[in-house]
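Alright, structures below, take your time with them.
You will see subunit A twice below: alongside subunit B first, and alongside subunit C after that.
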Partner chain A sequence: MTGTKASIRRMKDLPSTHLLGTGTPMCAGCGGLQALHEIYDILGEKTVFVNAAGCMTLLSVYPFTPFRGSWLYTAMASSPAGAQGIRDALDILRERGELPAEEDLQVVVLTGDGAAYGMGLSATSGAMERDLDFIYICYDNEGYGNTGQQYSGATPHAAKTATSRGAHGFAGYKKDLFSIWAAHRPAYVGTVIGAEPLDLAHKIETVKQLRGPRMIIALAPCPTGWDYDPGESVNIGRLAVRTGIWPLKEYIDGKVVHTRIPRGRLPVEEYLKTQGRFAHLFAPQRDDALLAELQARVDAYWDGVTS
Partner chain B sequence: MYRIRFHGRGGQGMKTASRILGSAFFLEGFEVQDAPRYGAERRGAPIFAYVRAARAAINERGIISRPDLVVVADDTLVPVPASGVLSGIGARTVLLINTTQNTSAWQQRLNISGPVITLPASAEVEDRADLPYIGATCAGAAARLVGVIARDTLAGAIRTELSALGAGVIDRNLENALQAYDIMQAHSGLVREGSMTSAIKYAHPDWADLPFDTARISAPTVFATANSVEVRTGLWRTLRPVVDYSRCNHCWWVCSTFCPDGAIAVDTDGKPVIDYDHCKGCMICVAQCPPHAIEAVSEEQAQRDTTTGETP
Partner chain C sequence: MSRTLLTGNVSAAWGARLAGVDYVPAFPITPQTEIIETLAGWIDSGEMAGRLVTLESEHSMITAAGGAATTGVRVFSATSSQGLLYAMEMLYTVAGWRTPFVLVNVSRGLSAPITLESDHNDIMAARDCGFLQIHCASCQEVLDSTLLAYRLAEDTRVRLPVIVNLDGFYLSFTREPVEIPAADAAAGFVGDFDPQNARFRASTPESQAVAVLGGSPYSYFRYETHLASLNGLSVYDEISAEFSATFGRNHPAVEAYRTGDADYLFVMLGSFATKAREAVDRLRDAGWSIGLLRPRLLRPFPEESLRRLLAGRRGVAVIDQNLSMGKGGVLHGELLGALYGHPQAPPVVASFIGGLGGRDISAEEFYEMAQTLRQAADTGRTPPPRLLYTRDELREIRKLQAVAHQEREELHR
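Let's look at the complex of A and B:
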């Protein structure tokens, strides 16, 4: 980890008051909202959110907002461009002496995986290229959730989606956005999940102290799109980590470090069998070949992990 | 033209019900529109779906404000203003309601003169978002009430619409839908077509005219912080988490952190307090509570208990 002093050492140190307002239209049990509220509690009120079209656009439906600061809605591909404009405006105010340093704001992009892995990737690449001082949060529920879970660049192999209904589910493979982002050599890239709030808190505390492009991908268990009971969101999130499907890691100072290496990794099917989108792997008959392939891919990933 | 509006909760299959009924009309030679209302299709939240069917081209679009038939899959929605069950109901509107209470109780309670038909509520379930096959049941009953859909046509529409779900699921839905179709025999044709609307006679709703303003004034800008708390998402709840404080360890950092909605506050003694105005009933806290001190109870039952337990 970095040499920054973490104020949150134990679960007990997590914030006991929550900044994000209740009453949002996110689904019951939304893993994305869970991660966002945990992140927001640590980022704090001095933030301005730039939200690409997606589920979380519905967070702020006129005349209501759950945020304590400003929120701007952009088209799906252009949130990093929106963030650039806001950062520039804040910088100009700072230069003119019209904005005291203590009133400066963090510019935070908030997008789903549809925008982050797909149509917003070019604008994000450009923002990192320009070394834009911003935070990017992708809530990744592995499909276009707000429109009924069509596949996206983040959909995992074999998952059933509204547009991958065949016997073997989605034929493609989840894009490695972490590596794509890290290849730009930004200040920070990290993966988080709401089900591991302590790891998340450490990463957001780190991010707060850095400048430049700081990129976060939060795996967002999605009862609606993944087809499971909403009460299972945290159990499924933990399984994503313990089976090695969702590696918790960060890219910082030019190096990738795994913040949690699951000891005694559970078989991936422990994760897959909890979700209706993978039900065809188990019934009417077990698809041993596909399960073995999915396991082999996760094993191969961890075989290459040294730290 | 038939104008039919379905009301249910997210998860009860109202979108599917509207598609089944729409397909059945179509197979009988009607022009059809069927569509759910987009925007709030969350589990437990009030859901709307609409079907229009006519022998001639349909020029109407959008939501149905003057329905000929209103189908209510979940009677706990009736008192919820956001669900708009009674919106636009007139003397000739048929109200089909899935309930354990009788017709006259509803007529009296709602003070409506039009016909009320009850669907005997399917077996009581703890979580009403899981009411089994209620979508297909409602579609089956509605198909008989309009009186122009044959039993075989209904079955064909169900097979088509549910084809992706496998034979077992289709069979159980068919059984429930056809049973509802048969139960409604006495009321076959009770729902009558409303007249086609004329653009010339169109009377606009009672809206307020606003002057044209510059973007600075007219843009939908919210000048408030965290005012989403005005939205009572607690009404989505079909199950209620209840803390047994005698068993609570006061490890608030578990439930309060994991609650996606931030609906669990921590009081000065470190006691978690659930905000029922906003808790959507996801039950993550129930699943995660280390000493198992949070229990899931049926929301319907909890409300009944609260009402009877209170002294007036």
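Let's look at the complex of A and C:
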């Protein structure tokens, strides 16, 4: 197993051999897959991934899998419950002395935002309330990607999706899943993004040392759903952080701490203008009012941030 | 051996306890709740080993059941009605995983209108999901069938989950004398759970329940599941013979009651069949040549046995305690499917719908069905499907409707 040392300080400390196989059917430039690669390098192969319906379901297509460890596909709504069954069974076997420690596994739920913010929220809430010892990774591409990027509970205001094609895009606002999860007082909640691998690695290392519900939301730039060139994924990911759109933070020991407070935040339009889903904010006319509203929301968020 | 008065629910709990289950994912619903309360009580007091976890829905409960069974422990769960339907997506899913575990369903009519009382539409909705189904008519059968179900589910030729079905209220809350097998005898019969390749271990990674691309691998896996279910027929006969040799109680795939020389047969599932048994006795007393067939296995469907048992009869009345909207009784259709084209198939197979939402089926109604059957056999004309419902009942409903109208008018005045 690689990446067990809690010693990642610089980029060159990141694992150099990668555990997740290549040749998956994910789109080129998939930000979710990028995050998963980085996470898997640190979590390692003593894991069982419990997946919900979404893009990542196609990672394991009979008879191939990119995972060196185990995998179970469940359904869209209930992968945390699948994790519950597996964890409980492993614990039962451990207690009976039928499963030596070295055979034990980390149980890792892997779902998109559609499952995490919506259909699977009740199952996730239940798992946290039962203090299930598991890791939850939500790759958040801000829509039902696998079905063609319809808006979900994670879609940001004004984004065009397959079901919000009108002049002003999506009328709703992105749900604050971080706070909803944190309100359950789990062991850990963190936001990450593949474009900030050092921050991600620190958090996954932290998570690896803890027990109980450990919840990760990875913003997942999605060239297919967000409409941009696949080569831009890393750049867009960085912009999400530098404009303050995607705050990197963690909830641990009952406190929320920002792990990166962007100094000299870039205007949000630097991020928005990179993606076709926001093109209507800039052409045929600039929508100054809407841009100002989006900027004001981000400003208001950071105004309230002290740590 | 002595007998103890047990409800159907507590009998099911005893079945789980004697099978040595490791894990019980649970969720409350009437009339099943007593099962999980009983198991929780035993686990809390240390009388029973194992772990019970209440999930936040039946959908999650079945997912957890499947997850635990794929990790290699013996799993038991229970539900009813709305809960079974809420879990429906996962019933299909975990059957596709080929996870062997046992689910008890306490049958209850489905909403709407919402009711607590029993019929079989819930369990019929799960007919095609891949779970095997055993239908019980007594509390003893509930306990015994739970033990049989583990053997059936875990057999290498089957490897599928099994539902043991009992009727809400009529069995779930009815106390009957039940012989509780000795723990070591039951453990000996059920044996240890061998998870085989259904396990997650660090040194032997497994990918389970992966996606397929295209209809060819999909068809392959689906048909494999079908064949495994069909294997259940001969496997069931083997293990029920072993059960009978061990415990002296016989639970065949199809129970045949006074059928030897019978010209006419009732066909029914579940506890209401005991009413038919009673009616058969009375009719026999009155000189009728009549008997009862009660399939205990619904999936796999014991077609061969039914064909053999039905061959040469003058007439058959199938009494369905379910209603497929726009079609009729499910068991009736299933039976016709098994009989069609068979040279000795009875000329008359009549359909009756009764016992919906726990409505009783009276002795008189059984006599009436027998009369209808004889008439049909004499004339060679099968009667149209009939709902068992009396004029008096209809009059009562009309009365309630009149009251409702009256009340509304007064409100609007």
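FYI, the second predicted complex is superposed on the first by the 301 of 307 C-alpha atoms of A that agree within 3 Å, B and C clash if a C-alpha of one lies under 4 Å from a C-alpha of the other, contacts with A are read in each partner's own complex, and residues count from 1 in each chain.
Methods note: contacts are C-beta pairs under 8 Å (C-beta built on N, C-alpha and C of every residue); 3 or more make two chains touch, one makes a residue touch a chain.
Being a predicted model, the structure only gives us computed values, none of them experimental.
Undergrad: Does the superposition put A:67 against subunit B (first), subunit C (second), both, or neither?
TA: Touch status of A:67: both partners.
Undergrad: Between subunit B (first) and subunit C (second), which, if any, makes contact with A:273: first, second, both or neither?
TA: neither
Undergrad: What is the contact status of A:34 with respect to subunit B (first) and subunit C (second): first, second, both, or neither?
TA: After superposing on A, A:34 lies in contact with subunit B but is clear of subunit C.
Undergrad: Is A:24 in contact with subunit B, with subunit C, with both, or with neither (first, second, both, neither)?
TA: So A:24 only meets subunit B here.
Undergrad: Would you check which partner chain A:235 touches, where first means subunit B only, second means subunit C only, and both and neither mean what they say?
TA: first
Undergrad: Tell me the contact category for A:175 with respect to subunit B and subunit C: first, second, both or neither.
TA: Neither partner.
Undergrad: Identify the partner contact of A:86: answer first if only subunit B is touched, second if only subunit C is, both if each is, neither if none is.
TA: second
Undergrad: Considering each complex separately, which residues of subunit A are in contact with subunit B in the first and with subunit C in the second?
TA: Correct list for subunit A: 58, 60, 62-63, 65, 67-69, 71.
Undergrad: Using the touch rule from the top, collect the residues of subunit C that touch subunit A in their complex.
TA: Against subunit A, the touching part of subunit C is residues 22-23, 25, 51, 53, 55-57, 59-61, 63-73, 75, 89-90, 93, 200-203, 205-213, 217.
Undergrad: In the complex, go through subunit B and note every residue touching subunit A.
TA: Listed in rising order, the residues of subunit B that touch subunit A are 39-40, 42-45, 164, 220, 222, 224-233, 236-237, 251-254, 256-263, 265-266, 270, 275, 277-278, 280-284, 286-288, 296.
Undergrad: Contact residues on subunit A for subunit B in the complex?
TA: 11-12, 14, 16-31, 33-34, 37-38, 58-60, 62-69, 71, 165, 194-195, 197, 223-224, 229-235
Undergrad: Spell out the part of subunit A that touches subunit C in their complex, as residue ranges.
TA: 45-46, 48, 50, 57-58, 60-63, 65, 67-75, 77-86, 88-93, 99, 102-105, 122-123, 125-126, 129-130
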